[in-house]
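Order as written gives the chain letters A, B, C and D; numbering starts at 1 within each chain.
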Amino acid sequence: MAKFKFAEAIRAALDDEMAADDSVVLMGEEVGALGGVFTVTKDLIDKYGPDRVMDSPISEGALAGFAAGAATEGVRPVVEIMFSDFVMLAMDQLINFAAKIHYMSNGQFSVPMVVRLPGGAGTNHGPQHSQSLESWFAQTPGLVVAMPSTPSDAYWMMRESIRLDDPVMFFENKNLYFRLAEEIDPTEGFRGLGAAVRREGADVTIVSAGRMVGMSLEAADMLAQDGYSCEVIDMRYLWPLDLDTVARSLEKTSKLAVVYEAVEYGGWGSEIASWAAAEHFMDLDGPVTRVGSHRVPIPVGVPLEEAVVPTPASIHQSVLELAKY
Amino acid sequence: MSTTPQQLLELYRLMVLTRSVETAIERAHRAGRIAGSFHSSLGQESCAAGVCAALRPSDVVTSNHRGHGHALSKGVSAAAVIAELYKRTHGTSGGRGASMHLHDRASGFYGETAIVAGGVPWAAGVAWAKKRTGSDDIAVSFGGDGAFANGTFAETIRLAKFWEAPCLFVCENNGWAHSMPVERIFGPPGSITEVVRAMGVRAECVDGRDVAAVYEATQELVTHVRGGQPAFLECVVYRVRAHSINDADYRYRGKTDGADWLDSNDPIAAVRHKLDELMAGHAAAVDDDVTRIVAEAVARAEAGQSPTPEDAFKTVYASEGLEWHGQVQVR
Amino acid sequence: MAKFKFAEAIRAALDDEMAADDSVVLMGEEVGALGGVFTVTKDLIDKYGPDRVMDSPISEGALAGFAAGAATEGVRPVVEIMFSDFVMLAMDQLINFAAKIHYMSNGQFSVPMVVRLPGGAGTNHGPQHSQSLESWFAQTPGLVVAMPSTPSDAYWMMRESIRLDDPVMFFENKNLYFRLAEEIDPTEGFRGLGAAVRREGADVTIVSAGRMVGMSLEAADMLAQDGYSCEVIDMRYLWPLDLDTVARSLEKTSKLAVVYEAVEYGGWGSEIASWAAAEHFMDLDGPVTRVGSHRVPIPVGVPLEEAVVPTPASIHQSVLELAKY
Amino acid sequence: MSTTPQQLLELYRLMVLTRSVETAIERAHRAGRIAGSFHSSLGQESCAAGVCAALRPSDVVTSNHRGHGHALSKGVSAAAVIAELYKRTHGTSGGRGASMHLHDRASGFYGETAIVAGGVPWAAGVAWAKKRTGSDDIAVSFGGDGAFANGTFAETIRLAKFWEAPCLFVCENNGWAHSMPVERIFGPPGSITEVVRAMGVRAECVDGRDVAAVYEATQELVTHVRGGQPAFLECVVYRVRAHSINDADYRYRGKTDGADWLDSNDPIAAVRHKLDELMAGHAAAVDDDVTRIVAEAVARAEAGQSPTPEDAFKTVYASEGLEWHGQVQVR
């Protein structure tokens, strides 16, 4: 079976969905002739032509509205926002229109659109190209928020997202694009909006998503050395949240750590932490632990970025404290 | 293209219908039967009527906060419009949207939006989507002069040109964006048209007091747009009423400015005069018809049902499995 | 002493700061000739002229950037975004520029700007005019977030916000504008970014802000009837968070409820809930309780809105459960 | 206004300085000494030089992602620019911004921005703020052709006109917005200028290959702007290098397109030729000077200090009491 890097896996998903359904189109800056600044849409314009792989002027706001508008008429656009930071120019159309029109129109219109959002720190791109904005969208009614951590998931979750009838904010971590390749079994099937247990363990449940899953697994390795066994859960979707999977894990471990790259303050991990502190109050054997980014802009330079966002070391340290509790 | 008497009568009907519906809503508001905002298009019904009369049922319209005329002229029933303002379940949006949130897909009236210029890209996207299926249906977005200050408007025009979306952008220049006189931002009527022309898009400016002129100008542009390119129409009208029903417009213009303008410029009065010459009695019959329809619509709205608290949780998501949820969906 | 409604108190604060400092200017749609759609800036144009009370075209994005730019040059703009929902058109300039330029420039520029954001449900304005977006900004480094609940606080917090050297997102709840008037003692002084204990109690700590403070106090009255004594804390600022005041209260009560109008999922209340579940894990005698808005758009119509946002009744119900725990 | 030989020499110096600094950065990048992005202005140095030479030190410039030439031409030292790209503490932004984040208030170079069109309203706001203190200093924003597609650009021009901000908006039309040819969006050179003119703002278009022409055109517009009104200058140049250092531009244009253009259009070569005729030896002396300055700057950057992890937490807030904080500030 062929192996796919993360970026290639997304491309394969786009390719397969475009082949299967003529209503799937790609729109965004540099998605066509260049094939995407992260190569995700490479060569697709040759295969599907400029009417389906559409290079856009630098007009994120109108683009988002145009795509959402087309979606109400049955098109399934996949819009690339080159860096997720630029989505701020499209917030009005995404939140005030795309996320709400199904509701506002009493169900007359729906917006089957995917917005691809390369995000996260770690690539030396500076404060305006490195944010993790997923928490904003996870809070917003009307949106689905996807955040894959592996090539297979990226593939299946993209295909699934394209087929949903609601706007999906699809967060792709830039650091993952060219990581280790993975086989994708095309017969394996859709993920079904659920979480995945990436590693089984009995002492602490670590919940994370996206790039933080790999770091959490590294931290779990270190914790194993310390004599603690961690269960690592990959949420995959930040909305809807598959809390059943977390609950099952907590039954075993009674200790919860949530690891996320977004700003710790009120991020999506706070939702899970708060939920656990409410719904599993009696079961918890240790403080609910969050490891998120500090509430500062993302600087450039590896040592500075690492001081701001979670790392295997900082995850290890926080979870070890919890494990020992 | 010149307007036939029969066509003129239809334009008259659309205008009178809008005026009558809006007058009824205004009355209900003042009587405390309706709460919320309400933006009257009194005196500028000609723009909605003239443009929509040049469209097909399968063409699509998006609108702004001042959209009752657009909806009614595109064929949405008076009953559904009035009921929505009353927040009734038989309103266009199930009574859950009310003012600024009329939507009626079946009439091709995709809807109002409460965000200035918010509906402009929607129309362009729909137009493009329709074209891609081989249809020569078009979409029309209605926006005000104020909306042109929102950068999204220009972005969308450029995008529509680039991607060849058959969209007609109508700019209803009614002299005001709330308390801001349009001249202060854009200059005299026609200035916005010049900007759009400089963008390489066909653009015309028409005197909106003359509904037949609006109709004819639109027909020409629609032909162009069906050919697969966007176009722009500035329609110069005047906002007779305050910006919204509770707006203290006396703070920024003369108390009688609106009424004075209407006295000598009412687009309905002008047509009525002509029709009575051309085909005596027809216009009066239209009046009667409209009066009856609106009275019935008000009665139905008054007697209508309100949505229940549970309805607040409906149609948040369209996808199977996500249709209903509380606050956090647990699988 | 004169009495001021909430809207009048803000106007008085603007007036006093404009009188004291020529660099304070107002910018926004309808702030001049009309005096604001909520009358907050009424008559100020007559006093300070159109060069300091500046009516803007409907260009929220450029307006925010223009004002922030002027702020880097020593102006202290107070920008009105007529309804906080429209701020989505200004996110790029606010978040990518105003909130970050002090950091990005290594301290060379600062943005002493206040953005006034009338928000919240309850006024029949529908899904695009009723959102509570404060959680987004509370998460964002570089911003201060203010949310007064009383006329006196509105007055002092506005004056304090104008004097801060950072961008302040000032959330004004539309329902409060014309509520009961209150005396403002001009000698009373600045609030100092801290929280206020609005009601003392021993059984449960209720933390809230803005419009929810009044509702929490109503719920506390009802709980007193039930035999429970609640301490009600008004956070005033969502960033920085005065957690010391909450901690002191928790020492007494050991039970925490957080009440907020923003979407419950990951809202600012989740930050306080998560913090308590981590830092006060051992002290808590009951599940950490949150009462926020359901994750649905805000419909119009009182009964529907009340089903979506917290009410005294729903707060009472949740807190009673906690009190009984 | 015609350019004197002495002025031409200064324009030459600014262009050579920019080319030399960017060449050094490019080399350091390829050698793995610098990580991150880098957008070269090779071949279009004339725009930055010609515009900035017409400004005062107390005038202000904001810039975009391709701003090394803007910074250097406004008087930022080569040492500070190169050090910032190296992420050194003696860089313009303390080494914490790097590429696309040059800021030097002392030189009136307020800064780059990594958001396309992000710096445009900044300049307008600064210009207005300066005017309000009675100064006749102005501000200039540099943006690309692509930036004009961002609605914020047009919004800002309109706002600057309305509030009479003395701001010069420079649009560097370099033929490309990354992989998008400018003609596909806007039409031939000068088209953007026409749109701005239609907005009622004075706008000129100049051949950017001729640095003296840029300088002279700017001087004229600057006089107008100092009078208290905005203006616009489209400067037609060409992007010789790939969009950024890692851009696969061969995917969307011929491999030698950039080099070919430079061969026959290099704005530096043209001036050099003229200067050697006018004042032999002077240009060569400038070359030597620049070479030495840049070599020293590189050496200092190579030997410079990097910020520490603690520095990541500095200058998040400016207000007293908020300057430092961890993630949640507890009073």
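The working rule: a contact is a pair of C-beta atoms (placed from the backbone, for glycine too) under 8 Å apart; a residue touches a chain by one contact, two chains touch by 3 or more.
To keep track of the chains, here are their UniProt names: A, C = Alpha-ketoacid dehydrogenase subunit beta.
No experiment lies behind these values; they were computed from the predicted model shown.
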Greatest Cα-centre separation from subunit C belongs to chain D
The chain pair with the larger count of contacting C-beta pairs, comparing B-C against C-D, is C-D
Averaging C-alpha coordinates per chain, one finds the centres of subunit A and subunit D separated by a number of Å equal to 35
Per the C-alpha centroid definition, the whole-Å distance linking subunit C and subunit D comes out as 39
In whole angstrom, the CA-centroid distance of subunit A from subunit C equals 30
Note: subunit B residues in touch with at least two other chains are 96-97, 101, 113, 115, 118, 149-152, 155, 158, 162, 185, 316, 325, 328
Residues in subunit C with touches to at least two other chains are numbered 57, 59, 61-62, 85-86, 89, 92, 96, 103-104, 126-128, 141-142, 239, 263, 265, 271, 294-297, 299
Seen from subunit C, its contact residues with subunit B in the complex are 29-30, 32-35, 37, 55, 57-62, 85-86, 89, 124-129, 263-265, 292-297, 299-301, 303-308
Counting only contacts in the complex, subunit A reaches subunit B at residues 51, 54, 56-57, 59, 61-75, 92-93, 96-97, 101-112, 141-142, 144, 164-166, 193-194, 239-244, 271, 275
Interface with subunit B, subunit D side, in the complex: residues 149-155, 158, 162, 184-185, 187, 191, 194-195, 197-200
Contacts from subunit C onto subunit A in the complex sit at residues 61, 85-86, 88-89, 91-92, 95-96, 99-100, 103-104, 126-128, 135-136, 138-142, 239, 262-263, 265-271, 273-274, 276-279, 281-282, 284, 286-290, 294-297, 299
Note: in the complex, subunit B contacts subunit C through residues 35-37, 87, 95-101, 113-118, 146-147, 149-152, 177-180, 185, 247-248, 251-252, 306-313, 316, 325-328
